[in-house]
């Protein structure tokens, strides 16, 4: 039996919700950089030691990474299945392409999602594995960030800004859509929920943005 | 008014089909869109050509039979209006108008602008009813229905089953249609005993028919001639979740 | 006598005797029952899926019969019952305002201008109560009050509040209820649904209706379908006028084919003309749109006092306006019944005082109501109607008065049926607007939905068993001579229509026929006019069969061919309507003969000579034969309707 489309959407909503929660905490942690190098590096170190002494170093991080990976895979898998079905559902396209009536965010979820994925890969290579980062010592978190977004590497900052804006759009529709999919929305709450989704997505993407911008424009470091 | 029309012509389900241009003069702004097509068909008939096949019946916006995508928009540019109620005064002299059928795998083209919407009937067969055999009913006042529920149920029940929601949806989803019926029956006390099986059955049939899934883009509600709100789909989702829990 | 011949009188042999309130019970008890185990061996064909056909097919399926249902639309949900706006009457007396079954019965007989059967109407009033229960159980979202109980409103021709409604879309909601019940039976396998199929002939074998010949409108394939009984629920014939409030596809073909096979056609001249429709805007017009009668509750109808006054209505001062309904009928004013309001509008337009294009319109003015109640209140009550008016006319009815004009809306006449709803062909049953039985010469508002559902949910399922108890009947097959003949008739006619290849379109003929009917067999009929119409119709029919052009071929979807067949039947019906109107020299209900009016210009009935149902037998294309069924009034004494 094929999986119910509504069930797939619920998987997408739930996995998306988990990822948003992670993003929010991640964003809050990032803001530590404004406190100073020592505090930031200490925070980075602390992340590795969460769960001590029950868990050995980095075990918590790996559990979290595993959970996030499962969520990302589930998110992409359900999106892919639904996208394939949607393509099949309209084998002949309109000669007169309909003008966009829904929001830009709603229309760009799929391509937006692909770009977000590409960004995440870059981001891991950049600030987790440091493969493309000027600072390869993984204990030097503060240095890695400040050198990464140094004014001379303005194109890295620009790329991050672009990615964050796209993530903001993706979140805005995704959050509201998840609430709708989980059946939380109704006619009366719809406006409020849409507004809430907008606020959360602006806070998250804005919170992430001020770090690279702060570095590039000399407010940090 | 003079118009340039480009109309999808397709001889049968197996035919490839293409957009065919026609020039039409003497169009009155007081004509309805379908009356404009009547004029074209009269001319084609007398010219020895085959008239354009299109679905229509009541021509007062309630039967749900008319179904044209006009310049990319199902039922044309006027909000909350079916094609039969759309009048030519909303177009300008000399305008080019593209006319296409509903496009969806679940709505195969029969001929020209006529499509088969039997999939909607089969979704209703999968649970879009209340089992109340004739003669079995208690007195109509036996169960009061709170007015707000009755009103909301009515709003959802005004769906005319035209399929514009599917035609507009980038995913070719029939979720707004399905949700309208779920909302109508789910709000009535009489609809409670079958509420779970209804949503599971109807959503299953919806998927089986080859409609795409909903991604909440809202294109459907924007073109719906009866203004069925997107919140109906949220209600369907909530009912679905509840039914899944209950059945597991 | 030059147009018809007299035949034997007929009688409704199924109508029970005894006190009227007990007759329906008496009949149900005397009717034979079908053994439940036998029901699935019995096949019933139902043509049409409106309120009557949809509810009948669903209910017969629930009872266990094998049902085959047909409709020409792409889904059973599209039948034209869907467009009914106002409401449905029922003698529930929830308001405690003195309503009763007997009062609904009385109002309906009186409203029908004493040209309907007492037994039938009483049964209708009894069943009305069960219909509401049934529909509520199906989840029909009727309008409700804050306490959660059903709301009702009053409607034309009644002084009690007994009309149940769902905003302005009662027909839609009731039909969807029947449709969902039908789909449930389709899923259960008891009903086999055939959409986009049109019945083109009735198969009569051994004197019984045994099946139909249908054309698959998508493939063009002609097939023969067999059954133990055939039910026609194919609606009314208002489209003979071309312009009407009916759906474009509504047609008389199913009824007319049955008529040609021996079913009598009763009272074809009884047509209802609705006073509040949006006027014709030009030659291109393809249909007329009804504006709910409820608008007359607050709108005032007027025309200028002076002939040919072309001024903008806002510039016409109060003392130069003629509020003619209020002037002529001070007691009822703007709320007189449909037939009276329609004729009054026609009269002022005939005087040259009509407004709008062609002078065929009168104003329905809400200025007073807006002043009195405020625009918000008017919007609350009539907002959707105003919006519809604006969409069609491009005028704003809040700023300038609406223009309205009467339009053909409903046909009270139809195939003759007995108390069991069986026609003169055994095994052929007729329900809903397609039969003639309950509305007499004029139908009251909110009664059509009541009758359609009464027939389909309750009457037919009880009475058809009495006939089917003798079945199953011997099997028919494609080689049977009666089947071969019926099929050949259909094929020959299609071949003939396609072969003419003339120079006029089907619609041009239909439009012209409509003009003739509206002019001479519309709101006012005269001896001279009707004779002229008969001759014009005959000539036009002749021309049709010589000059019509039907493009395309019989195989595949061919909408022009569908229409051509329907128009061909409308010609024959139109002639019979005129003959019926000509022979009935009295005025009654929707039938107004200019020769039969009182000193004030009001309709004058002639009970001494015309208290009968005129049931016409097909005369083979020559003179039809008139069979009279006398109407007897034991409970409601015929009186003159007065609304002054």
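A, B and C are the chain letters, set down in written order, and residue numbers restart from 1 in every chain.
Here is the rule we use: a residue touches a chain if its C-beta (ideal position, glycine included) is under 8 Å from a C-beta of that chain, and two chains touch if they have at least 3 such contacts.
All of these numbers come straight from a predicted model, not from anything done at the bench.
Undergrad: Hey, which chain is the most central one here, using CA centres?
TA: Going by the distance between chain centres and the overall C-alpha centre, it is B.
Undergrad: Looking at B-C and A-B, which one has the bigger number of contacting C-beta pairs?
TA: B-C
Undergrad: How big is the gap, in whole Å, between where the Cα atoms of subunit A centre and where those of subunit C centre?
TA: Using C-alpha averages as centres, the distance is 63 Å.
Undergrad: Nearest whole angstrom, what separates the Cα centre of subunit B from the Cα centre of subunit C?
TA: Result: the chain centres lie 27 Å from each other.
Undergrad: Nearest whole angstrom, what separates the Cα centre of subunit A from the Cα centre of subunit B?
TA: Measuring from centre to centre gives 37 Å for this pair.
Undergrad: Applying the document's contact rule, which stretches of subunit C touch subunit B when the two form their complex?
TA: Subunit C reaches subunit B through residues 55, 58-59, 62, 73-78, 80, 82-83, 92, 94, 130, 132-139, 141-150, 166-167, 169, 172-173, 176, 179-181, 183-184, 186-187, 193, 195, 218, 245, 247-249, 281-282, 284-287, 289-290, 388, 391-394, 457-458, 461, 503, 505, 507-508, 549, 551-552, 556-557, 559-560.
Undergrad: Can you list the residues on subunit B that touch subunit A in the complex?
TA: Touch list, subunit B to subunit A: 6, 8, 19, 69, 71-73, 98, 100, 103-106, 152, 168, 170-173, 175, 200, 203-204, 206-208, 210-219, 222-223, 229-231, 233-241, 244.
Undergrad: Which of the residues in subunit B end up touching subunit C in this complex?
TA: By the definition above, subunit B touches subunit C via 11-12, 28-32, 34-35, 38-39, 41-42, 44-46, 48-51, 53, 55-65, 78, 81, 85, 87, 89, 110-111, 114, 116-118, 120-121, 124-126, 128-141, 143-147, 150-151, 153-154, 157-158, 160-161, 184-185, 188, 190-191.
Undergrad: Using the touch rule from the top, collect the residues of subunit A that touch subunit B in their complex.
TA: Interface residues on the subunit A side: 2, 4-10, 82, 85-86, 88-99, 101-103, 106-107, 109, 173, 176-177, 179-187, 190.
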